[in-house]
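Same chain, two partners: subunit A is paired with subunit B first, then with subunit C.
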Partner chain A sequence: MFTRLQYYPVWCALLIICCLIFSAKATSAEQVALSKENKIKAAYLLNFTKYIHWPAAQSLVSTPLHLCLASTVAFYDFMADIIARYNASGLNRHIQLEDVINAENCELTYLQHKVNPTLRQLRHSLLVLDSEAVGQPHNAITFYISHRKIRFSINIDVIDALNIRVSSELLKLARIEHNL
Partner chain B sequence: MLGIIAINLLTLAIASGLLYSAFVDDYRDNLIDIMQSKANLLSATSSSALLFNDNQAADNILASLAQYPAMRFAQIYDLDKAPFAQYSRAGQPVDFSLDTLQPGWFFSQENIYIFSLIQQDNDVLGYLLLSADTQSFRDRQQRYGRIVIWVFVLSLLLAYLLNWRLQKRMLAPITQLSKLVSYVAQKGEYNKRLVPGAADEIGNLITGVNSMLNTIEEHQKQLKDHNEQLEGVVELRTEQLFNRANYDALTQLPNRHLLTDRITHGIENARCGNSQLALMFLDLDRFKVINDSLGHAVGDQLLVKLAAELTQSVRKNDTVGRWGGDEFVILLEYVEDKDNIEKIAQKIIHDITQPFMVGGHQLHVSASIGVARYPQDGIDAANLLVHADTSMYKAKELGPGNCYFFTYAMLDDSIERLSLETQVRNATLNQEFTLFYQPKISLSQQSVVGLEALIRMKKGDQYLSPAAFLPVAEDVGLMPIINLWVLNEACQQNVAWRKAGLTIVPIAVNLPVSFFMDQQCVEHIRRALYEAGLAPEFLEVEITENTFMASTEQAVEVFRQLRELGVNVAIDDFGTGYSCLAYLKDLPICTLKIDGTFVTGLGEEGGNDGIVQTIITLGGGLGLELVAECVETQSQVNILTAMGCNVFQGYYFSPPLNATDTADYLSKPVLKLRRHPS
Partner chain C sequence: MKIAYPIYLLVSATSLYVMTSSFCSAQSTPSEFAKLSLDQLFELSIDESHVEQHRLSPWSFAYNFKTVEFDGYLDGDSSLRRDEVWWQGLQEVRTSKNFPIVPTVISQQARVISIGYQLGPKWRAHLSVPYLSQNTDHISIVENYAHFTIDTTGLGDIVLSASHQLVKSAENIWWFTAGLSLPTGSIDEQGDTPRAAGDQHLPYTMQLGSGTYDFPLQFSYQSLGAHDFSLNISAVIRVGKNDRNYRLGNSYSLAGRYNVPFGSTIQPFIVLEVLHRQAIHGRDVSLLVNAPFAYPASITDPKLYGGAKLNGKLGFTWQFTDHLMLTAELAKPLYQNLNGPQPKENYHTAFNISYAM
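Moving on, here comes the complex of A and B:
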């Protein structure tokens, strides 16, 4: 049976998530303006890091995961806020949030709008598109709305080409796609 | 057998219980593990669904539980404990609320519940509740129960069979042993043995029992031999005891016990046959003298010979028994009349007067017989014996060798004799005796030359003569005391007279043969003289012929010592006994006293002049002083004087006098040689 001490991490985790959510709301006026959809996407984006395993050289625990964004400032700030808290726990691989344009190396890149596909830092990056409307090629994961819920698709071929391993757990939640 | 089965039953029951419990616990733990594994798997697989809020995916995951018929429902809750996904088998309600649950498992209402957290990287994402029915568990329980019961029953049966077989194998020799022990216990025979068989504990036990039986058999044999020996001894001892109880050890005649039986039996026969029966009580005369003088060995031999003589004297069917001492009882059955009895009694008296040669001594004995008859004199053994005994005393009074028939008048005499016995005892105790003194007169010396002390017993105002009470004193054993009293009294009286200024003369004291049988007799006399302060020459001892007849050698030695002491010895009543005259010259005596019966008839026709003359001549020839007793007339004095006798004692000169009168008699300056005026 569990004791109160055993529940301590659970309550801590709950407290962190709540704080993340509430603090995100209260950070700035822009954050307040961020839609629930974007917030969920931000959370999903963070969760993807848990189910995706980059090649060994890139996924050393000691080295930070470079998450690059090409988004609105509000989204960036919101993302920065939850990542800061995420990193603060010290339990996970450190995530370093960067603007995609300024970044030297991106392992995971979220694009709300299309960017230059030839950017060197995107060469081996797993691209997550805000929607199919972004139109960025070589996208691995793409958010979409289904039954008023935010869902995502995963392109297996892209994943394979990137030599990235995606957890089956994630795969079974996603809509699987292949290059035509 | 029942005990072993009970132990087996208990052991098997415990083993079966433990087996069943182990099976059931194992299955239950397995079930829990399986459920826990399912919960873990579901938690793991549903965490991503929770993370990405994909309840459809979670439903799909839970739907996989449909393949498990036992699964009742499964629910996934988010962190707010709001239902996120659910699977429920048809008809199975969700019957638990999350609020009351703690992570873990539990059983309730025949269902198992697993409640677990859905976590990822230590973050709790939600909750999972699984429930499955435990029908399979119960089915397995029942199955295990049946299996265990079968195992139990079969094991029990097997254990019983094995035990039965083992017990039969083990018990066979024990049963044989038990039968052997029972056989030995019941029959008491130790000849059977068992074959030891295997060299195990039972074999050792059988060997041990066989060895024990060998020992017991050997002991039994020894015991049997010993018993036979003992039985022989017991038989012999019984016979000896019977003989000892019924027969006199010395004479082998019936003793008092057997005599009484035979008398009783004879009385019964006489009563039935209307016949007569006579009981003779025979007592030897003067047997004590023989016994005391010649010793008990001679006395016993005499009794043996007498017993044989008595047995020969009576008829074949008569019974002769020894009553005790020198007393014999003769039972005469079927006697015709008094004359017939009288003849038998006289024959007995005659036969035993024949001399007996015992230990080199020729002994003459006589017997007194008292006769009591049935039914005239008594109707039972005790009465007849008492009456015969009484008659015997009456016969004794008549003198040796007499027979007397019982009359009831004798009972009065017996009572009188009993009274006399009491008086004698009291007189001895209270010293109610007194001494009278009869002077002995010497005509040649014209003086009193001696006194004879004569004992009297006071009875009221009168004195009883010695003849009346001394036999009684002798019978009751008082004579030793009376003898000493007479001796001391005579010595002290003589000294008293001397101190009174009288010229004293020797006092003669009559002492019976029993006195001289005492080894201390000389010492008694010496002490009496010493204590009184009397010179020995003033004491004279008068004995009867029986004294030295009974034990010549001892008597001679005593008389010699008395003579050495200075005490005169006189033979009293000389001529009435059977003394061998040849002894007289060797006897250390100085006086012969001629018995009064010879003196009384002197000068009369048919008198004893010749005897008296012979005695006087004999005494004179031996240099002895002669004293004539019972001299009552001048004629007797003259005749005796003419015969050569010079000392006289009798009423002609003086009757026995008391001490005072004797003193007067002694004090007369000129003795009046005449009959005492009184």
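Moving on, here comes the complex of A and C:
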């Protein structure tokens, strides 16, 4: 005769399996929304704003820094969440996130796909490309993958032409490139 | 008591869910990514399956188990038969290269516990505590000692070291490590040898430490370019003499390691290592016998130590979580040129499990 007590190990095992399945499903749902690769790139973009100094007129702490994106909706939403938390501290220069097409002015622009290079808002913008495959001209920073990790190159000639100062901390992690 | 089961079940399930969900979703939320520094992003893998968590503690721990076995003899790079090294009595000519007592198989094991502490982004400190076990089988012409074994076990030399990151770029990382090896291992080990009745002082190989303050140094280069390889140049510099009037020889090595592209968690590697070790300076007179040939065994002659080796190693690392990593390797000398006659190394193995908090 089985008593109710003898079923507890069975119920316990079932509950554990359910928990594992549920947590795994929740995790995979998050991952489908945005890959880890893109999350890391978003975090890099935020860090770039700390190590890049725009010309004095554009870098007043009281004025927001315009970060423009040409990206998927999932990336835009994730970036917006990161920036909301960053801005909430109130200690940093405020970052304003915008879609590149609708923006009037972009200091930093991240492109996952090519856009019209003659857009007025890109004229003095520092362009960060998702990868070389985007093929946008005048890019200053380009992400690439090496040994399953995100790396980036910096084109010094483009940076100089934009009259932008990049911290040595950022430069030493980058693969340095020049225009041919 | 029956009420306790559902409560236990509920608490267990809740804990399990919290544990698994926090484990799986490590660094997946915007707030977690917003806090990451450039250096932390630089280390992150893009693999979804690679679980990485923000290190909350600067501490790391490792357990290393190493074995090495010596069998056979070399003089230079020429193999010697056992009967060429073993002087079996007056019917043979005694020379400085044959001996009445011959170690046949030498086995050594080291269990090393290491503690690491991240002092800053560019500085690390380490403490390594070894526990050694070694045994040597012998044959001899001495009555009642035709076959005998000597064992020693105990604490080895504790090493304190500090590593400094010299360069870190998108292409490579350079580290420099300097340390101090403390003479905590015994150099007074005794055992029953044919030299006399009872216990006598044991030869250099059977001692547990160097008896001197030694200085391990290392330069490390790791390429982050298209090919994942690293180079290590290291040395152990020994100074002065110990209480028994000798010091072990300095050692120098150059090792190149290539990580074979395989997967995100398991990483096979191959290593080529060139090693040069000097002979022992000075001598321990308690190992000598009062006879025309003062050294009763090759391992009691300080000149018959050291030489050069080329080692080939195969192994893998398995990073099964961001915190835990297992490394296993098997090494075989591909070429040895020893100050002989000297026992030759057959192989050595290493197994390491490390935990970064």
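Criterion: the second predicted complex is superposed on the first by the 148 of 180 C-alpha atoms of A that agree within 3 Å, B and C clash if a C-alpha of one lies under 4 Å from a C-alpha of the other, contacts with A are read in each partner's own complex, and residues count from 1 in each chain.
Convention: a residue touches a chain if its C-beta (ideal position, glycine included) is under 8 Å from a C-beta of that chain, and two chains touch if they have at least 3 such contacts.
Please read these numbers as outputs of a predicted model, since none were measured by experiment.
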In the superposition, subunit B vs subunit C on subunit A residues touched: C
Which of subunit B and subunit C A:173 touches, first, second, both or neither: both
Which superposed partner A:47 touches (first subunit B, second subunit C, both, neither): both
Touched partner set for A:92, first subunit B, second subunit C, both or neither: first
Partner chain(s) touched by A:149 [first = subunit B, second = subunit C, both, neither]: both
Touching partner for A:82 - first (subunit B), second (subunit C), both, neither: second
Which superposed partner A:39 touches (first subunit B, second subunit C, both, neither): second
Partner chain(s) touched by A:124 [first = subunit B, second = subunit C, both, neither]: neither
Common ground on subunit A, meaning residues reached by subunit C in one complex and by subunit B in the other: 40, 44, 47, 51, 149, 151-152, 169-170, 172-173
Of all residues in subunit A, those that touch subunit B in their complex: 1-2, 9-10, 13-14, 17, 40, 44, 47, 50-51, 91-92, 149, 151-152, 167, 169-170, 172-173
Touch list for subunit C against partner subunit A, complex: 2, 5, 9, 12-13, 16-17, 20-21, 24-25, 27-28, 30-31, 33-34, 36-38, 41-48, 50, 167-171, 224-226, 228, 264
Parts of subunit A lying in touch with subunit C, wherever the complex brings them together: 5, 8, 11-12, 15-16, 19-20, 22-24, 26-27, 30-31, 35-37, 39-40, 42-44, 46-47, 51, 78, 81-82, 84-86, 145-153, 169-170, 172-175
Interfacial residue positions of subunit B with respect to subunit A in the complex: 45, 47-49, 51-54, 57, 79, 102-104, 117, 119-124
